[in-house]
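As structure tokens, here come the structures.
Two complexes are shown next, each including chain A; its partner changes from chain B in the first to chain C in the second.
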Partner chain A sequence: MNSMKSDMKKKSEIDFRIVALGAAVALLVIFAGGAGMSLLATEILIMALFASSLNLLMSYGHMVSFGHAAYFGLGAYGFTLAIVRADIPVGLAVFAGPIVAMIGGLIFGALCVRLTEIYFAMLTLACGQITFTVLFQWYDFTGGDTGITDFMTPRFGLSEQYFAVFTLTIVILCLMFMWRVIHSPLGLAIRSVGQDRYRAEASGLNPRQLQLIAFTISAFLAGIAGTLFAVFHGNAFPDYAGLGFTLDSLIMVVLGGMKSFAGGIYGAIAYTLLKTYVPLVIQEWELVVGLILLFIVLATPFGLAGGIKRLQTMLGMGGKP
Partner chain B sequence: MNQPILSAKAVRKTFGKFVALDNVTFDLQPKQRRALIGPNGAGKSTFIGCVAGQIPGAEGQILFKGEDVTKLQPSALAKRGISRTFQISRTFLHMTVFENMMSAFIMARGSWPSLSTRVFSDLEDEVHAMLGNVGMDTRANETVENISLGDRKRLEFGMALAADPDLLLLDEPTAGMSIKERHHLMDMVVELVESTGKTLLFVEHDIDVVFRVAEVVTVMVRGSVFVEGTPKEIAANEEVQKVYLGEGDH
Partner chain C sequence: MFAVQLINGLMEGMMLFLIASGLTLVFGVSRIINFAHGSLYMLGAFLAYQIVPIFADGSLVGFAIAVIAAALIVGLIGIIFEVLVLRRIYHTDELMQLIITIALVFIIRDVVRMIWGANSVTVQMPDAFIGALIVGDNYFPIFPFMIFGAGLLVVMIMIGVIQFTRAGILLRAATDDRGMIALLGINEKLVFTSVFGVGSFLAAFAGGLQSPFGDVNYLMDETVIVGAFIVCVIGGLGNLYGALAAAMLVGVMNALGVLYFPRLAMVMTFLIMAAVLIFRSLGRQGGGAR
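Now for the complex of A and B:
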């Protein structure tokens, strides 16, 4: 009885040793690797947050989104437009990004959760394309395909290394928040709907309501990633909301591993490294990435995280999240 | 007689051209234990689904505690005191037995909109007690994927009880269990239902179990109520025997 008590508690608590380990590795890369490595680390960190926000939806809410970049893009544009069109100072505009993304998630989510499975996915695709098209076409307001540039010093004018540390801090806080959500009563309800919506409904839940909450939180986190990305590069382009980024997020989650909290993080590391280094060696880098993806999906259905867990059990270690 | 807790009036349900339920009229008295039997495809599960809200679009009227609940969503019906289990048990396969039961409690109590794990600690004792009631406490840490179908049925029964419902609908609660397990489970069901004053409607193919547990038996055939009576009356009814033998099910 007592062991059980501590078990549920333990599961929901954040293991700060792992957080510290992750942060230490990141800091080592940032400070030992110099400016170039810091830029790469920043990109990986932002992608890790973006992929994790989709992972929340896919692994825990059992919802596959084919339009997740919409919220990344809304984050970037919410921030950028707040500065350019509303003259809001940068320090405040950073809050506009995630809020705009969250509102976008709430509105599109309300539409999408009316359907399930592939029909849900198709609706998210449609919502994503609507967002992209509006950003792309509305020249007067969004700058259209030329995007918005030169409105701020990239990285708030911070050095590559200090901005990487800043990003690391934000991403860690966001991931801790996400962990907290997943292991809270709210998270248990979200997971319940994801695993059997009929059982959850028969027990008194409104599944759509829970799905909408999960969708909105996910959009909010993607919006933070998008805002960071706009600050990082000091620009915003419609592509940030386009199919390319949507696909990237899906690949990262599948590569990193579904059903695992760390899936998005592993996926972002592996995918960004592949995207950066493979083109240096071979031109058809997409082919290589495709083959690697194929191999991983076939070899370990739950991605890198699943593979790592299996290795740990084989070596007789306890399973880390 | 009292006002029935559940009253179905001329309920009809079609799937396209197929008539799954036709003119089903059915009264259930509070605290009664009622069995719903009939050959495969008779419409038993469909009826349960119409009452509990999973199957929308029934014609006619379903009254629960005097209120017309025909068009309500399952979650609304659950809040009014209707709990059910499914013929093919529905549980959360990738969670532990304990998490399943915890989830059932926070859903039933409406305490899910929270980020605080205090909610869990406050419910912990009740969760263990309910797992104990259905004989699952020793398996609390096992993932549901890895437990037997019979155990999943027992778990789901406990999850339905977590809502402390007034009306409990069990669709083939003993399917997939051995004879010994069946009797054991149903004795437990009777005890829990009696002690908390609940009304029970259960679908069951095992005639021994039906006669052991039910106070009244309703026989359905091809979407309609064929006959209703005490277990003794039903056992003696030649028509019923013909239906069962004729359809060659058991």
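Now for the complex of A and C:
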């Protein structure tokens, strides 16, 4: 993808050729690969959106969230609980998920942006664990660890392929929105706070407010991913807000490459493929992921997108927008 | 009932401190949040499972030797990891350091599963640990008391080392200002390496000690690390005595919480952690601004 750091500055317009290319590749995979491939593609797309939302925080706002799954989980639960507890029709409930996640992001974010660096990360961890624990323990309302199942036909009853196309549309729209945000004046302010908050403050910006805005947008996007995930599987479990998903999202961003718009997307592709295909060869897929992570951090801490591209060609898979 | 839970809480607190002490020591000196601390704990438990049958047929000394041996092995692993990997990344972003230790979590988890399988194993309890004390109408299992005693011993050794030896002076100096000790001509690398080794040793020691008291399986790392984070953060990252106080607080609160408001017990600790982060830690390290 051309969305590298260097041309980020000069080009703020969305390059529709890249979007079209990515969409074409995704559609090719979906329709040539059949139902199985479509499921995999849907999972990758949702994870790409989730990872990109974290990437927005990490690469541009310089905020490392250790509880990002909270907003993914809030999205999933906001949607399912709206249906199960409030009897809202499915068509409307899909909006509840992202909104609940956004409100969660606003509340937790308002607390978290008071801190920086490692203390910020620790507080997001605490907020994430609070969300997870509430979902896990509030049996009467959230169903506890048994989760919520059988409240709707998974994928709105769409076929695997049509749902994959639906997800693709939503994810592309969200990523274009994210691109516009990053390259708007607001995005520029967020990036300058991310690079040097003191200098940004000195030039009249309000770092905490900008960080909170970035945090809320990021939570909103993660909430959309969570809602899509709940629709995709037709269920919601507390694990969606747990440490496992948080670590997954972090690993995806680092795998894909920080400081790059496409980092989250590459990471989601690579990570999901690793998760799917490595176990077919050897059982210890986590070991493989761990070693790859180790290698990446030691060898090329930042400019990973190129390395991921090589990995993709090795695996014989194309990229998505 | 209150008294029973209070004592149980203190026992749990001591266990938490044993786990968290290594984490907070490492953070204090090298500013690394070691996500793999829980994995080292797990490794210690599994190694104890492997070594205990060699020495012990239920004897206390054999058990102690086995646990210490397991901890020494893990300490060595920690040192090797520090020299080979961590040493290269001290200058980089904090995030990268975290990611490295997360990679270690994944690696250790799968290696453990490869060697010992996915099922839980149990470690034989030494004979001296079996049984219960009867005070009034209450039964107290002996085992937690033993852990408490061992914990107390470790605390005393630690305080002794930190206050009265040259290594302790170096440790305190490095925690205060690590750039300064380099200027004073002290081998900074050696300090970092040995602290990481001691931290790994403590994690594995806690794991080995706890191992007869419940299932040992490859999924225990996550719960352990989250608990250790809570304690470290409440106590002030890098502050050993803060961690001791925080561990006791969290342990007692968990135990009493289960008694009085079981549903809220789990959330409570995280709420306290969040509150402490926002309104500053008990320890002196807990500033919000960088």
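Odds and ends about this structure:
The rule we apply is simple: the second predicted complex is superposed on the first by the 293 of 321 C-alpha atoms of A that agree within 3 Å, B and C clash if a C-alpha of one lies under 4 Å from a C-alpha of the other, contacts with A are read in each partner's own complex, and residues count from 1 in each chain.
One rule holds in what follows: contacts are C-beta pairs under 8 Å (C-beta built on N, C-alpha and C of every residue); 3 or more make two chains touch, one makes a residue touch a chain.
Just so it is clear, the model here is predicted, and its values are computed rather than measured.
Once chain A of one complex is fitted onto chain A of the other, the partner contacts of A:259 are limited to chain B, with no touch recorded for chain C.
Measured by the number of chain A residues touched, the leading partner among chain B and chain C is C. In the superposed pair of complexes, A:68 makes contact with neither chain B nor chain C. By the document's definition of touching, of the two partners only chain C reaches A:119; chain B does not. Once the two complexes are overlaid on the shared chain, A:185 sits against chain B while remaining clear of chain C. Once chain A of one complex is fitted onto chain A of the other, the partner contacts of A:293 are limited to chain C, with no touch recorded for chain B. With both structures placed on the common chain, the touch criterion links A:202 to chain B but leaves chain C unconnected.
Note for the complex: chain C touches chain A at residues 31, 33, 85, 88-89, 92-96, 98-100, 102-107, 109-111, 113-114, 222, 226, 229-230, 233, 237, 263, 266-267, 270-271, 273-274, 277-278, 286-290. Contacts from chain B toward chain A in the complex involve residues 52, 54, 73-75, 78-79, 83-84, 86, 90-95, 98-99, 102-104, 106-108, 110-117, 119-121, 124, 128, 140-141, 156, 159-160, 162-163. The part of chain A that touches chain C in the complex is made up of residues 58, 64, 111, 114-119, 121-123, 125-127, 129-130, 133-134, 136-138, 243-244, 247, 250-251, 254, 258, 283-287, 289-291, 293-294, 297-298, 301.
Of all residues in chain A, only 1, 4-5, 7-9, 12, 180-181, 183-186, 188-189, 191-192, 195-196, 198-207, 210, 259 touch chain B in the complex they form.
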